[in-house]
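To start, the structure under review is shown below, and the notes come after it.
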C-alpha cells in the first residue's frame, strides 16, 4: 500500500524533521537499491582482487592505463541533467494518473438526489447504476493494474465478487468474441439506459437531473478512457532506454575507472590513500540508482511496489460508500434543528 | 500563521527592497536552520580539536590523506540539481493543496439566491446546508491537519463547537463502527437531501437552482476528496530519501573534507590561511539545508510551522461568513438608488 | 504603468531587433540596479584603497591570502541554479495573478441580455449590479494593492468616487465592527439579491439567465478570493531568504575574492593585468542582481514599480465599459442590413 | 504501433526491473541509432586511417595540433542543457496532441440517451450522427497523419470504407473547388442539422439534450481544430535547427578532437592507452543522438515510427464502438436484479 | 506565414530524418543570424588585424594580458541557464497566445442550430451575428498584430472589406471620441442584442439556446480580452534586458578573450595552432544568438517574421467558413441513408 508519511512530518521547523523518514524501510531507497548495490560491489571486488592477485606486473600497468582512461572519460556522460528531466516527466504522469481515477461519490450523490423513492424500483435503479459505474472502474483497472488483474483474473471472479451478474457476464463473453477491444464503457451505456428508463417512467422528474447524470457518467468514461490511454502510450521507450543506458554504462565504466588501487611502487602521490571500500562510488550508486528507482517505481503506478496505489482497497471503499449514499442514507437526514448560533 | 510579506515589498525598484525581508525572524531560514547549524559546527570543532590535540603525527598524516580524498570526492554528489527538481515538485504540490481548499462562500451565495423565505423553515434549511458544508470541511481537515486535529480531537469537540448536533454525532459513531474510512461526504449527502426536500416542498422554485447547488456541492466534495488524496499519496518516499541522503552524506563528508587545518610543517603553500571558522562550509550548510527546509516545511502544508496555512482561522471565518450570507444578509440589499453617473 | 514593448519588436528576424529594448530606461535593469551597483562599487574601492594605502606589507600578505581563499571558495555557492528555479516560480505566480483579475464585461453582457427594459427599474437594477461587481473588485484590490490603497484609503474615498453609496458605507462600517475579515463578497451578495428580486418581479424571464448570472458572479468571487489568497500566502519566506542570502553572501565574498590587486613584487605571473575597474565583477553583479530584481519586482505585482499592473487605470476602464454595456448600448444595435457578401 | 511496456515493469522494486526494457528492439534506441552510429564510425576510422597511413610526419604534427584544439574547444557547446529544454517541449506537445484526439464514445452515449426509438428514423439519425463525427475525425487525420493519408488517399477511399456516402463525396468535391481550406467541420454541421431536425420532429424530447449534444459536438470540433493547429504551427523551425546544429557540429568536431592516436614517439604520457575503438565517443553518440531521437520521433506523433500512435486501429475501434453504443446496445440493459449485497 | 515542417519529418526513425530540416532557408536560423554573424566577424577581424599590424611589441604584450584576462573571466557569465529558462517562458507564452485565438466555427454551429428559418430575417440575424464575432476578432488583432494593422490601418479599411457597415463605423468613431480604450467588445454586445431580439420575436425557441450562445460569446470575449492582456503585459522588460545584456557582454568579451593570435615568439606551447578563422567562437555565436532568436521571434507572435502566425489568412478563412455554416449549409444535410454496415 502507498506509503503515507506526511503525517509524520507536520512540522518542518522541528530539529531533524526528516530523520525519521530516513529510518523507514518499506518503500525506502534502501529496500529498492540494496540488491543492486550488493551485485555491484561483488563485481567491483572481483575486479579488484583480480588486479591484486591474478595479474602480473605488466598486466597491472595496462590495467592502470585503462583505469586512468575510464576514470577521465566517464564524466563525459552528463547523467544528472537527463535524469532530472526524465524523473520529472515520470512523476508528472504518475500524479496525473492518480488524479484521473474517478470517485463514484459524486455520481452517487446525484443519483440519490435525482432518483427518489424508497420502493423497490427506485432502490434497484439506484443500486444498479452505481454498481455499473464501479464495474466499469474494475474492468478498466483489470487491464491497467497487475494487482486488480490478480484479484479478478476472469469474468467469473468479478461475478463472484457481486459486481457483475450472470446475465451480464454472458453479454461480455459474447462481445469479447466479436472484438477484443476493452469494454469498460458497456456498463456505462447500461447505466445511461436505466437513467433514460427512469425518466420515461417518471421517477426522474426533471431534465436537469438527466443532463447532470449524463455529464457525470461521461466524465467517468473520459477518466477511465484516459487511464487506458496512459497505459497504452507510455513514456517513449527510447527515452527510457537512453536514460537507463546512460546510467548503466556510467557505472560499468566506474567499475574500472573508480578502482581504488594500492599506490604504484614508485609513486610519490601522498594524497591517494589505500581505501578498501569505495565509499563515494557506493554513495553515488545509491544516489543515482535511487533517483532512477523513483522513475521505475512510478512508471507503472498501479503495480505492486510498496509505493504503488492500493487499488483493491479503493474498490472495496467505493462499493461500500456508493451503496451507502444511494441506499442507506437515501432521503435521510437528521432533523432540521436550530444550531448553536441561532438568534 | 502564514507569513505574509508581499505587502512589505510592494516596490521591487526601491533600493535594498529585500533587506527588510532578510531581517524577519518568524518563518525565517535562521529560525529553521540554527539548531542544525549549531549541531553541525559542534561536530566540526570536535573533529578539528581531535586532530590538533589528540592525534600523533602519523595519525595526523593519515587524517590529512583522508581529508584530501574526501575533499576531492564530495563534489561528485550533484546536489543542486536534484534539490532544484525536488523542491519545485514540493512547492507545486503545496500550492495545489492550498488552491484545493474549498470556500463555502459560493455555496452560501447560491443557497441565499435559491432558497428564499425569512420564515423558520427557510432559515433552518439554509443554515443547515452551510453548516453541513463546513462540517465536511472540518472532518476532512481533522484527518489532514495536525492543527485542526488538536482543536477537534474527538467528535465531541466538534459538537461543542456547534458545528455538529448530538444526533449527528451518533450517526457518525455508528458509521465509524461499520467502516473506518473517512466520512467527510456524509454531511454533503445530508445537504443534498435537504435540497431535495426543499425542492419537493416548493421552497426552491426551479430545477436550475437544484442543478447549480448539486454541482457546487459535488465540487466541494471533489476538493475535499482531493485534499485527502494529497495526504494519502505523498511525494514518493524514495524521492525524499534520495534527496535527504544526498544532502546528509554531502555534509558528513564535508566534515572531513572541509576541515581547515594548520599548514603542514614543511608546507610552502602560501595561499591556505589558517582560518578558525569554516565560513564557506557554514554558508553552504545554511544554503543547502535552507533549501531543503523549504521542502520540509511545505511537504505538509497543514502542519504547525510558521509558514503553514492557518486552518483554524479559516474555519472560524467560514462559519461567520457563511451564516452571514445565508441568514443575516438574506434578501437584504441597500435600496436601489441612482448612482453618481446616472444621466 | 506596465511597460509594453511587444509592439516595438514585431519582427525578431530584423537585424538587432532587441537593441531598442536595451535602450529603454523605464522599467529597465539599469534603473533597477544602478543604486545597488553604485553602493557595491563604493565598497569595493574602499577595500581596494585600504589595501593599497593603509596596510603594511605583512598585512597585505595576509589580505592576499584571504583574497585567495575567498576567490577559490565563492564558486561553491551555486547561485544560478537556485535563482533559475526561484525566478521561474515568481514569474509563474505573477502571471497567474494577472490572469485572475476579473473583467466585468462578461457580467455586463449577461445582465444586458437578461434584464431588459429601458424604464427606471431595469436601468437601476442593471447599473447597480455592475456597480456592485466593480465595488467588490475595488474592495479586494484595496487590500492587495498599494496603488489602490493610496487612491482609496478609506470607505469615504470609495463613496466619493461614486462606487459606493452612503447607505452602503454604513453597512460596511457596521460589519467592520463585527469582524475584521475582508468583506469583498458583500456587494456580490447584494447583487445576487437584486437578481433574485428581478426574477421575482418578472424582469428576468427565464431561470437560465438566473443560473448564468449566478455562475458568473460566483466566478468573480472565486477570482477575487484567489487574489487575496495569493496575497496572504506568498512564496514561502524561507525560499526568498535562501535565494537572497545566497546572492548577498556571494557578492560580499566577491568583495574580497575578486579584488584586483597590483601583482606582488616578485610575481612572475604575466597574465594578471593591473585592471583598475572590476569589469566582470560589475557585469556579474548587474546580471545576478538584475535577475533577482525580476523576482523582487514581480513578487508583488500590484505595487508601484514601473512594471506593475496599472490597476487604477483598469478600475476606471471597468466603470466606463460596464455602464456603457448595460445602459447606453442596452438593446441598441445597428439596423439589420445585408452585408457585402449577401447573395 | 505504439510500444506499450508499462505492463512489463509493474514492480520497480524488483531486481533489475528495467533490464528487460533494455532488450527490446522495436522502438528502441538501438534501432533508431544504429545507422547513424555506423555512418559515424566509418567516418571516424577513415580519418584515423588517413592519419596513420596517409600523412607524413609533418602533417601528423599539424593534425595533432588541430586535434588538440578541437578537443579542447568542443566542450564550449553546452548541448545537454538546450537538449533538455527542447526535448521537454516536444514531449509536452506530443502528449497534448494525444490527449486532444476526441473519442466518439461520449457523443454516442448522449445520442443513445437522447434520440430514442428502435424504428428506422431513430436508428438512421443515430447512426448518421456518429458516422459524421467519425468522418470529421478521419478528414482531420487525413491531413495530419501520414498513416491515415496512406489509408485514405482520396475521397473515394473514404467512400469505399463506408464512412462517406456518394452524395456527400459530391458535396465535398464541390466545396474543394470553392476553397482549399480543411472541411473537417462540414460533417459536424450536418450532424447539428440532423439533431435540429430530430428536435423539431419530436424525437428529442427536451432542450437539455439538444444543449448537451451541441456542446459535445463543439468539443469534438475544438479538438479536431486544435490538432490541425498543432500540425500547422510546429515547434519554431529555428529552435529545432539550433538544437540539431549544435548536436551535429559537436560530433563533427569530435571526429577530430576525439581521435585516439598512437602516442607520439617521444611521449612520456603513460596514461593514454592506444585504444582502437572510441568507446566513450560512441557511447556519447548513442546517448546524445538517442536523446535527440526522442524529439525526432515525437515531433510528428502521427507518423509511421514504431512509437507513433496507431490511428488506423483507433478509427476502426471508433466505428465499431460507436455503432454498437447507438444501435446494438440501444435501450438494452440487463434486467434490473437485486445485487448480492441487497438487504 | 508559419513554417510547417511536421509533415516533412513523419518518421523520426528514418536515417538522417532532420537533415532536410537543416536545409530549409525560410524561418531558419541561418536567415535569422547571418547578418549578426557577419557584423560580429567584421569586428573580430578588425581587432585581429589591429593586433597583428598596428600594435608594437609592448602593446601586443598588454593586449595579450587583456586577452588572457577576458578569456578566463567570460566563463563567469552563466548564460545557458538563464537562456534556457527565459526561452522556455517565451515559448510557453507564444503557444498560449496561439491557443487563445478564438475560432468562430463553434459560434456559427450554435447559431445555425439555434436560429432557424431560411427567410430574410433569420438569414440576416445569423449573418450579422457571425459578422460581429469576426469584427470583434479583427478589431482586437488590429491592436495586437502589425500584420493586421497593415491590412486595416483605419476603420474605413474595415468597412471596405465588408466586415463593418457605414452606420457601425460612425458608432465606433463617436465612441473613440469618448474614450480611447479598445472597443473590441462592442460588436459582441450588438450580437447579444440581436440574440435577445431573436428570442423575443420567437425565432429562438428555447432559453437553452440563448444560454449556450451567450456563454460562447462570452468565451470569445474572454479570449480576445486575454490576447490584449498578453500584448499589454509582456515578459517583464528587466528579464528580457538581463538575458540580452548577458548575451551581448559575453560576445563582446569574447571579441577580446577568444582572439586567435600567432604564438608568442618564445612560446613552446605546441598545441595552439594559428587558426585563421575562429570556428568555435562562430559556432557558439550561431548557437547562443540562434537560441535567443527563438525568443525574439516568438515574443511577438503576431508580427511579420517567417514564423509568425498568418492572421490575415485566418481572418479570410473565418469569414468564408462562418458564412458557409450559418447560411449556405443551414438546415441542409445529405439525405438520411442507410450506411454500409446497416443490418
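A, B, C, D and E label the chains in the order they appear, each numbered from 1.
Rule of thumb we're sticking to: a contact is a pair of C-beta atoms (placed from the backbone, for glycine too) under 8 Å apart; a residue touches a chain by one contact, two chains touch by 3 or more.
The structure displayed is predicted, hence computed values, not measured ones.
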Chains touching both chain B and chain D: A
Homomeric contact chain B-chain C: same or different residue positions, threshold half: different
Rigid-body rotation angle, chain E and chain B, from Cα fit (steps of 5°): 145
Between chain A and chain E, centroid-to-centroid distance (C-alpha), Å: 39
Mean-CA-position distance for chain E and chain C (Å): 24
Numbers and ranges of chain E residues touching at least 2 other chains: 32, 81, 84, 207-208, 211, 293, 297-298
Arrangement of touching chains [line / ring / star / complete / other]: ring
Complete ring sequence of chains beginning with chain C, oriented so that chain E follows: C, E, D, A, B
Contact footprint of chain D on chain A as seen in their complex: 31-32, 35-36, 39, 61-62, 65-66, 68-69, 73-74, 76-78, 81-82, 84-85, 89, 121, 124-125, 127-128, 131, 146, 162, 165, 167-168, 171, 179, 181, 185-186, 188-197, 207-208, 210-211, 214-215, 217-218, 221-222, 225-226, 229, 231-234, 236-242, 244-246, 248-249, 253, 292-293, 295-300, 302-306, 319, 323
For the chain D and chain A complex, residues of the former touching the latter: 2-7, 9-13, 15-18, 21-22, 24, 27-29, 32, 80-81, 84, 87-88, 91, 98-99, 103, 105-106, 109-110, 112-113, 116, 206-209, 211-212, 216, 270-273, 275, 279-280, 283-284, 286-287, 290-291, 293-294, 297-298, 307, 309, 317, 320-321, 325, 329-342
